[in-house]
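A, B, C and D label the chains in the order they appear, each numbered from 1.
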Amino acid sequence: MLDADFFRRWMTATAASVDREAERLTALDSPIGDADHGSNLQRGFTAVAAALDKEAPGTPGGVLILAGRQLISTVGGASGPLYGTLLRRTGKALGDAGEVSAEQLAEALRAGVDAVMTLGGAAPGDATMIDALVPAVDALGDSFTAARTAAEEGAVATTPLQARKGRASYVGERSIGHQDPGATSAALLIAALAEAAGE
Amino acid sequence: MLDADFFRRWMTATAASVDREAERLTALDSPIGDADHGSNLQRGFTAVAAALDKEAPGTPGGVLILAGRQLISTVGGASGPLYGTLLRRTGKALGDAGEVSAEQLAEALRAGVDAVMTLGGAAPGDATMIDALVPAVDALGDSFTAARTAAEEGAVATTPLQARKGRASYVGERSIGHQDPGATSAALLIAALAEAAGE
Amino acid sequence: MLINVPETVVADALRGLAAAHPELTVDVENRVIVRRDAPVAGQVGLVSGGGSGHEPLHGGFVGPGMLSAACPGEVFTSPVPDQMLRAAAAVDSGAGVLFIVKNYTGDVLNFDMAAEMAEDEGIQVAKVLVNDDVAVTDSLYTAGRRGTGATLFVEKIAGAAAAEGMPLERVEAVARQVNENSRSFGIALSACSTPAKGSPTFDLPPGELELGIGIHGEPGRERRSMMTSGEIAEAAVEAVVEDLQPRNPVLVLVNGMGATPLLELYGFNAEVHRVLEQRGVPVARVLVGNYVTSLDMAGASLTLCQVDEELLRLYDAPVKTPGLRWGV
Amino acid sequence: MLINVPETVVADALRGLAAAHPELTVDVENRVIVRRDAPVAGQVGLVSGGGSGHEPLHGGFVGPGMLSAACPGEVFTSPVPDQMLRAAAAVDSGAGVLFIVKNYTGDVLNFDMAAEMAEDEGIQVAKVLVNDDVAVTDSLYTAGRRGTGATLFVEKIAGAAAAEGMPLERVEAVARQVNENSRSFGIALSACSTPAKGSPTFDLPPGELELGIGIHGEPGRERRSMMTSGEIAEAAVEAVVEDLQPRNPVLVLVNGMGATPLLELYGFNAEVHRVLEQRGVPVARVLVGNYVTSLDMAGASLTLCQVDEELLRLYDAPVKTPGLRWGV
């Protein structure tokens, strides 16, 4: 079973990996976007880590709702509301339970990803974070490691696609050949989940 | 004896050589000035050549006065009034004569150079056009070729000097090591004189 | 760059704005710029905002006759809902608040969230989306047309409508009318450098240019080898006029992206006018300058806004902001 | 560059200025920009001019409350006497004309020639030389201190004096007083490219800056490795304040050289104010923007102008020009 501590570890592992990869995320956002994805998420997850330190919610749902709110209040851009909604909705779906199973997390995460798709209007294949999140959720039934691999493959698979949502869509066909920054950061989020699980 | 035609040839030869060397003059004006000396003189001597074509003054003095007026009316910058005054005053000193001797020209040119020194306040050694003009006038008693050589040596000799007049003075000691653009164009003017004399 | 560290660029600019403009209330910590006399009784409040780096848009357009408040985000990053909520609360006199939102996923999502939160607090909110950029043609398969230069016209004209005491629905309708009658097209001669990245956001060798750029340092739709100012004007006017098909006189905005000298911008304006005249498009008013910028990008954009008599009257109405001022 | 060919850059810009500003009479062929209602009966005419590439200076400062006419030369090249003569004739109402001349050999010589010619035609001419740049310290061995940012203050305040109907000697005295009480210092983060040369006028690698630059693309007095905005503000304020030793409140101009984003300029303004406060220099008014530019140079200059009550009143007086406008 996964407790609040596990979810805190997930968030701090995400914060650490976003810190490490911030330059790469921004660089990916340069040729097809506005060169801010790395600093956006860095700002957001630094705030998340600080808030969790300070408030230390006692339930998995509480951790993710707090994290999502922090992202919404500190990131801005497209990724702030989208990642914020992802974590908030996932957290809400987890309810008040003090511990949750991997299956419950998978189900809740699917609700979160659905909310992101509703909010942003992106479908798989549009070359967005969705392309990493959906396969990850699908694979989560097997293992965290499988989810990580699926997310990473999903991110890489955005490279030949033409972006149809977000800023990258503005460059039209010129987005082809570039890996989507949001899909890349989504893979980091899922990798951090595996890391929190010790996998 | 030198007639109006000789002075026209002097001016058109100057125009041609300024055209050829415009980029170099502008490049010299870049590190210590405002990168316009070549285009300034090109504009001016093109106008001089056109005016001489149209009006064809019949005396040496008339040619230089017209040329000087054209420079004043079309060049602007420091070099416009200075070169304009040089030619106008030289022309005035030549008076109404239909032909003048090389000695008369040397004397008139000295009056012209003096007028430039009065107008601009520069003395020899200040790293300006004066550093090419004064030795040229001094050598003109010998031959046109001697004047040309003296002007060229005078121009080269500005390189180690610190500019004390004009824009180049603003960069202070950093003007040391750069040949003065105006001294360089003055050497072209004197070289064109030798060319007009067939030397 | 003339900065301290990338992290404090926006806060530093807000402190400097406060020092220069005592007629604005600048909340540096919460990143909200409000005209000092807000809320103005009986007047609709106008709130806009977006990523920083487009100055004077939006903070420079706060003041009588234009915006009531602006929310600057990080560079090229839309602000967060908390900012818009705070701004709405500061400017609502009870007559309601209009959010003017440039059409970018981030701006739309954050303003949407703010609108929900504001309505929860009893503030009546209307929203208008600015989407004038004709370079984004195929909006079915994109995030929709971007909001660029027309934002200035929407903010100016809706600001005048609010200053006249029009009710929220009217101000919103006017703003929407301005947007629907505006189209823009931008070109870049160089990329810009964001403080965070420190180097150009994309590679544009001298001698080449990008057609159909936005205002966030993103490359355009197409790369070409260098064109003359006249050829660029032809391309821009064609793109805008073909899409807008104006029948009435137009407001013309010849906008610099940041690093293009005014000398060149005025020269470009001459070419734009030449082409408009050839096409028989009557010009009502002209604005030339750096208004909706993209940091230190070299280039320009053209915006045309077709106006009827009411819109023209509102455009001409007095405005007193750091970035745009006339009649007062 | 956004140009047709280097040869027509100035003429193209003048055509574009004419298209944008019907309130100005723009003589494209003879290169003179005159306010449409000139000569204004009973008022001294104010004429300035200089090389192009500094826009909005000077052409953008023509209008009620500021210049009567401006003469644009080629890029960074002072105009020719014929232009000033024509301008003087156009604006002289019989009350005489003041030439406002930035201190550069070329400007001085050409305006001097024009003044002689104008007086030959019976126009009373006075001249004021602007020489505010403290970077040029050793003026015994140079062409003297350059004229830079203070030109804006001289033109604005003398313009207000003329608009009040003051006689030529008074307007001249006011202009001289403004100049004597003004000092400037500039820094560059990049060189500029002139249309004729097409590439940067000097080499300035990223990560280095030039202190003590002028406005003609010339390098400065000293090269340094990159400093923070705060450190640059300290250097600029120190240079200006040590030379000016102000006792009265000052007008502050935080001026962009052309390619520095407003975002950075406002951040720089914050630092300037911090340092002024530390030094106990009281600030009367602040102006932040690209006013006295050097094409696409990145960088900024600081100008302080110490004012008494009369100068401040004249500074605050209405002005209506393309580049500076308030009170009307």
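In this text, a residue touches a chain if its C-beta (ideal position, glycine included) is under 8 Å from a C-beta of that chain, and two chains touch if they have at least 3 such contacts.
By chain, with names taken from UniProt: A, B = Dihydroxyacetone kinase subunit DhaL; C, D = Dihydroxyacetone kinase subunit DhaK.
Everything numeric in this text was worked out from a predicted model, so none of it was measured.
Using the contact threshold fixed earlier, the set of chains in contact with both chain B and chain D is empty. Centroid distances built from C-alpha atoms place A farthest away from chain D. Centre-to-centre, using mean CA coordinates, chain B is 53 Å away from chain C. Chain centres here are Cα means. That of chain A falls 72 Å from that of chain B. With each centre defined as the average position of its C-alpha atoms, the distance from chain C to chain D rounds to 29 Å. Within chain B, no positions touching two or more other chains are listed. The multi-chain contact residues of chain D, meaning those touching 2 or more other chains, are 75.
A complete list of chain pairs in contact reads A-C, B-D, C-D. Against chain B, in their complex, chain D makes its touches with residues 6, 51, 73-82, 104-106, 109-110, 113, 135-136, 138, 141-143, 146, 194, 196-197, 201-202, 214, 216-221.
Residue ranges on chain D touching chain C, taken from their complex, read 1-5, 8-10, 12-21, 52-53, 55-56, 60, 75, 189, 228-230, 232, 254, 258-271, 273, 283, 286-288, 290, 293, 295-296, 298-300, 325-328.
Per the touch definition, chain A reaches chain C in the complex via residues 26-27, 30-36, 38-40, 43, 72-82, 119-120, 162, 164-167, 169-172, 174.
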